[in-house]
Amino acid sequence: EDKITVFAAASLKNALDMVNAEWQKETGNEAIVSYAASSALAKQVEAGAPADVFISADQAWMDYLAESRRIRQDSRANLLGNQLVLVGASDNMAAVNIRQGFDLATLVGDGKLAMGAVDSVPAGKYGKAALEKLGVWSSVEAKIAGAENVRAALLLVSRGEAPYGIVYRTDAIADPGVRIVGTFPEDSHPAIVYPIAVTADSKSPAAAAYIAFIRSDAAAALFEAQGFTLLK
Amino acid sequence: MDWLVLSDAEWTAIRLSLRVSSVAMLVSLPFGIAVAMLLARGRFWGKSIVNGLVHLPLILPPVVTGYLLLMLFGRRGPIGSFLEETIGLVLSFRWTGAALACAIMGFPLMVRSIRLSIEAVDRKLEQAASTLGAGPIWVFLTITLPLIIPGAIAGMILSFAKAMGEFGATITFVSNIPGETQTLSAAIYTFTQVPGGDAGAMRLTIVSIVISMAALMVSEVLAGMAARRVERT
Amino acid sequence: MDWLVLSDAEWTAIRLSLRVSSVAMLVSLPFGIAVAMLLARGRFWGKSIVNGLVHLPLILPPVVTGYLLLMLFGRRGPIGSFLEETIGLVLSFRWTGAALACAIMGFPLMVRSIRLSIEAVDRKLEQAASTLGAGPIWVFLTITLPLIIPGAIAGMILSFAKAMGEFGATITFVSNIPGETQTLSAAIYTFTQVPGGDAGAMRLTIVSIVISMAALMVSEVLAGMAARRVERT
Amino acid sequence: MTLEVQTTHRLGGFSLDAAFSSDRGVTALFGKSGSGKTTLINIIAGLLSPDSGRIVLDGDIIMDSGNRSFTPPHQRRFGSVFQEARLFPHLSVRHNLTYGRWFAPANQTGQDFDRIVDLLGIEALLERAPTNLSGGEKQRIAIGRALLSSPRLLLMDEPLAALDEARKAEILPYLERLRDETDIPIVYVSHSVAEVTRLANRVVALEDGRVSASGDAATVLSLSALTSMIGRREAGCVIEANIEPDAGDDPRLTVIRAGETLFRVPKVSLPAGHAIRLHIAARDVLLAISAPQGLSALNIFEGRILEIGAEAQGAIDVRVDCGGNTIVSRVTAHSAERLALQAGMPIHVVIKSVALEQ
Amino acid sequence: MTLEVQTTHRLGGFSLDAAFSSDRGVTALFGKSGSGKTTLINIIAGLLSPDSGRIVLDGDIIMDSGNRSFTPPHQRRFGSVFQEARLFPHLSVRHNLTYGRWFAPANQTGQDFDRIVDLLGIEALLERAPTNLSGGEKQRIAIGRALLSSPRLLLMDEPLAALDEARKAEILPYLERLRDETDIPIVYVSHSVAEVTRLANRVVALEDGRVSASGDAATVLSLSALTSMIGRREAGCVIEANIEPDAGDDPRLTVIRAGETLFRVPKVSLPAGHAIRLHIAARDVLLAISAPQGLSALNIFEGRILEIGAEAQGAIDVRVDCGGNTIVSRVTAHSAERLALQAGMPIHVVIKSVALEQ
């Protein structure tokens, strides 16, 4: 049997662990996953890490590797999609209609709007793009609390530190401490995409098959159970 | 050398880091000395629990420490709400919170240094002072404290350096708000998270190193002066 | 109490963490002692540079340290490729690399403790030994070394505890590969990154605390024994 | 001022079980190395809490294991000079000396500073750090530090051991004045009989943690049982005497009376009637069967042999009664035979005056 | 074995500028507190690198600032007893004692261990940690440690200061044997004239970092200039003598000859012809204008007054020539007048034999 090593964005752990169990059951091949920040993983692949497959949380780091030819361009595909939602703490459960120019600033009031750091964390970058597109960025810019990652942003909301936050749908639905009060329109931000590719150094013949499996219908149910959408 | 020019936001982060690190170092000093005394000299039940608690920030991944800080010192946390109600001290999303996080992360390092120094103090000197009429507090202030200055300085510089480098617990606890909680480390981290951010990260890293080296050298000089006066008789 | 039951993968992470932390602590000890001696006793040009280098891992955000390690010790890095070619030691993406990262992160803490102890050694005892015929190396082995045992133990436990908690530099340098480089801290981190991971993070955090506390208590007992024998004459 | 001490304490294989009491003046602790002198001093100072014991100074219960009272060292104000100097390395010599002042009762802060600095010869050292002083310099500063702390009691553990004879000779008279002019009791550890004789009112001899003899200095120091501790060189007798009002014919001499015997000693500047103690080492006393003539010795007394001791190293200690005083003379066994010395025989005792010089 | 030392060194305000040389035997460094004795010892031991100087032991250049040669301390193998004991706190007493053995040349590892342990009375302490030993116990172990390190030279800085007379009396003869039976030169710092007289072949008197007098012990110790350093009590003369083959009529006495004078002293177990040094304190010597009769003193010599000193504290030192030896007697000014002592006058000198006891 064959063993492959997957470098994947940390937020995929729950879903990917299940998919990999399925893959092993079906093929007898084991997939070992190293979960970390996309940035770290990308740099590691660049430095010659023994990864066969890389799944990034955004296109930017996959592009980075594509530029330095550390992935097989032909194997690259968009694996998963996600949605950006506005979550409220337990005392802010009323639905919010997210549209052009909606009054987010008043909603947040004296508090903070928690989201991923807008310059570095993918969810933060998407959130900033959406707020700009909706014309509310300048009114809330000073109220942004940029977290290290989506989970931390979510924590700020669920702990009541911040009244509202912008996070991925996948994270929000699993947290009983917060409620999704609105979903950002798909067109308000660049598509949220988790791209996948085989690394240039991979010598594993199973890598391509793995990607095929992970994009199959069998895996789709597992991803969707976590709130992801499988991109075709 | 264009990439070496610092933006306003970066200057802000530098100033903030200096403030946060200095405050963290100075505020934790008295606590560090007190706890080090307790651990070096005290004999009480639960000493190893205190010792363990002190080391906790070292043992736990910084994210977990940040998480615990949020639980305790957040707006809704038991200590956080108490502090806000009684003395009006708000920590969450404030630079004060960043200072707290840094102080706590550096605390085990500070305590260890001071404790080692205390354990090296010749207790016979303290005895001599007591026969001359100095009560325990005076003995501490006039004999023990001056003799542990080198250790206290070592502890302070470790705490300061750690505060300059700390970011996991800080960002988890107080987020990454430019001008309020975005320290140099957080800014460096931000650069590392975007493709092509290397130059920026490098620039700020150099700044951080320069500051810390300067602090380090000052500390060495001070410790040297203190030690020269205290050489063994 | 079901959530307290550890999975096989978690047991693997625990074993790995113990190995990585112990190796990091033990391998860095001789270097720590040597560097501490150099800094405490040496007088040479560039001493403050050495001192600065030692403190670097404390000053830099762990991610930066991790990147630097990746650049230097990675398969394509100058030192990494040299080590692989000459002695066949591969660090990148191996547990050995995790141990290196942990050792380096704990190094400033270890050096400081040992250095403080060295500075507290009464040099008159070393002089006495030399008049009895002991050359510098023998003086070091028979007098200085035994006298700094408490400091060395303090340094070791700090290094060990830091290694248990370290993950930023490790995960950046050698990734988070289960069974090879996924330490307890990295596993905890992974749990914090997914919805519903809190219980898992908590479970592993408790394990980490228990291990470190046990190590801490052993170290206290050992240091106490050493100190009792070495009380000032 | 009376000090009462009673204590027992175990330290590993060593056990101390000692009791003594003393009035004002100097109590010397005397005993071989390892006999427990420092341990006893530490217990009195409060630095060691004994297994059991009771210390009372002037009715004030300093410590009593019976009712668990224990005054901490800083409230005892027992100035201590330790066997090792224990100077504060981070303070200058001056600040070491004045350290105790900060804690002394306000009215007692001494004007003595200059006097004591002068006495100890440490003016030149005042601004130095104690680190690189010589052994004797450190010890002198430790003495000064204790003296300047306005103590209620002084504990001195071999304070002069590191000093040269000349310096000792300067400090001893000061300690005598302290003894005579103040109320401060002094507990003094020394291996030197000469020092003890001059200073001590009472001697407590320790042997292996037990008090083997204690009482007034004259009695204890004359005990032949103590010879092993004192050393042959210094063994002899100690005589309590008083200054006579009538100085005799020569102003350079002082006449002192012990019982019926009048000693002429080099000038002592003390008032008539003042008590004085003479240590007369046995080796300094000659015997003569007839009154010697034309001898430089001024003190020639008639007496009667009380006892002829056993021969040791070719010498014999002869105890002679002179007007109520027992004087011990050591003569060679050869001379004892030649002069046919026998108990009860009348004899002349010859003591050089300068041997009695203080 | 000859040791030559010449050195200058500045320490803050203190400057040392000393030179001396010595053959085998004991060289005593004598001087007030702070005069530079310890500094000089440290320089010889190699623990202090002097500004300039030269040390030669038996032709072997140990140090020479001229050609920048410097043998590090551990290669000198100069066993040192420091003023403070400096025991290794992490080693048991036994291991402290045997520490030097590990580094001693193989053939020299001593069988002496038991003997020295016994001499110093430290059997009971062997397995103890040095931490809580008494002051004198520590010092004894420090002495043992140096003796057992098979040194080429012994440096001893007030080694006996912390000890009681009885213990001193036990250790001194051992040091004498070491001096007489081995080739190891000893540099010995002491404030005690008695010790120095017994032990030292040569005396180097230091005053404020300068050598104020140096030479053979008898000459230097008799110098009246040294009185201030020695203290009045011990001042006197030192006489070099030899054991006479003919012991005279009494086996309990030994006869020794200095020039034409024969002294009878209590038994000394040394072979005939052996050199011996007598320290005769001025206070132990009586003068008589006619030959005294029936006196217990065995040593009564005819002599002639050389010089009558100045009066000090009511006493006068009289120098008397007795068969080529100068003996100093201290008499009261009163006696001097009464006996009308004058230079050139014939006189009888009376010295107790026991005063000459070693």
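The letters A, B, C, D and E name the chains in turn, as written, and every chain counts its residues from 1.
Throughout what follows, a residue touches a chain if its C-beta (ideal position, glycine included) is under 8 Å from a C-beta of that chain, and two chains touch if they have at least 3 such contacts.
Worth saying up front: this structure is predicted, and the values here are computed from it rather than measured.
Undergrad: Please identify each chain that touches chain B as well as chain C.
TA: A
Undergrad: By CA centroid distance, what chain is farthest from chain E?
TA: A
Undergrad: At what distance in angstrom does the C-alpha mean of chain E lie from that of chain B?
TA: The separation of the two C-alpha centroids amounts to 60 Å.
Undergrad: Quick check: how many Å separate the C-alpha centres of chain D and chain E?
TA: 26
Undergrad: Can you give the whole-Å distance between the Cα centres of chain B and chain D?
TA: Distance between chain centres, rounded to whole Å: 57 Å.
Undergrad: On a C-alpha centroid basis, what's the spacing between chain A and chain B, in Å?
TA: Each chain's C-alpha centroid was found; their separation is 35 Å.
Undergrad: Could you say which residues in chain C touch two or more other chains, in rising order?
TA: 63, 67, 124, 189, 192, 232
Undergrad: Mark out which residues of chain D touch at least two other chains, giving numbers and ranges.
TA: Residue numbers touching two or more other chains: 84.
Undergrad: Where in chain A do residues touch two or more other chains at once?
TA: none
Undergrad: Please list, in label order, each pair of chains that touches.
TA: A-B, A-C, B-C, B-D, C-E, D-E
Undergrad: Within their complex, state which residues of chain E touch chain C.
TA: Counting only chain E, the residues touching chain C are 45-47, 72-80, 82, 84-90, 99-100, 102-104, 129-131, 138, 145-146, 149, 155.
Undergrad: Per the contact definition, I'd like the list of chain A residues that touch chain C in the complex.
TA: 5, 7, 10-11, 13-14, 32-36, 40-41, 43-44, 47-51, 149, 151, 170-171, 173-175, 226
Undergrad: Hey, which residues of chain A end up touching chain B in the complex?
TA: Touching chain B: residues 37, 39, 42, 60-61, 63-64, 112, 114, 117, 119-121, 144-148, 152, 155-156, 159-161 of chain A.
Undergrad: Can you list the chain B residues touching chain A in their complex?
TA: My answer: residues 63, 66-67, 70-71, 74-77, 92-93, 168, 171-172, 175-177, 182, 189-197.
Undergrad: If you look only at chain C, which of its residues touch chain E in the complex?
TA: My answer: residues 124-125, 127-136, 138-139, 142-143, 146-147, 229-233.
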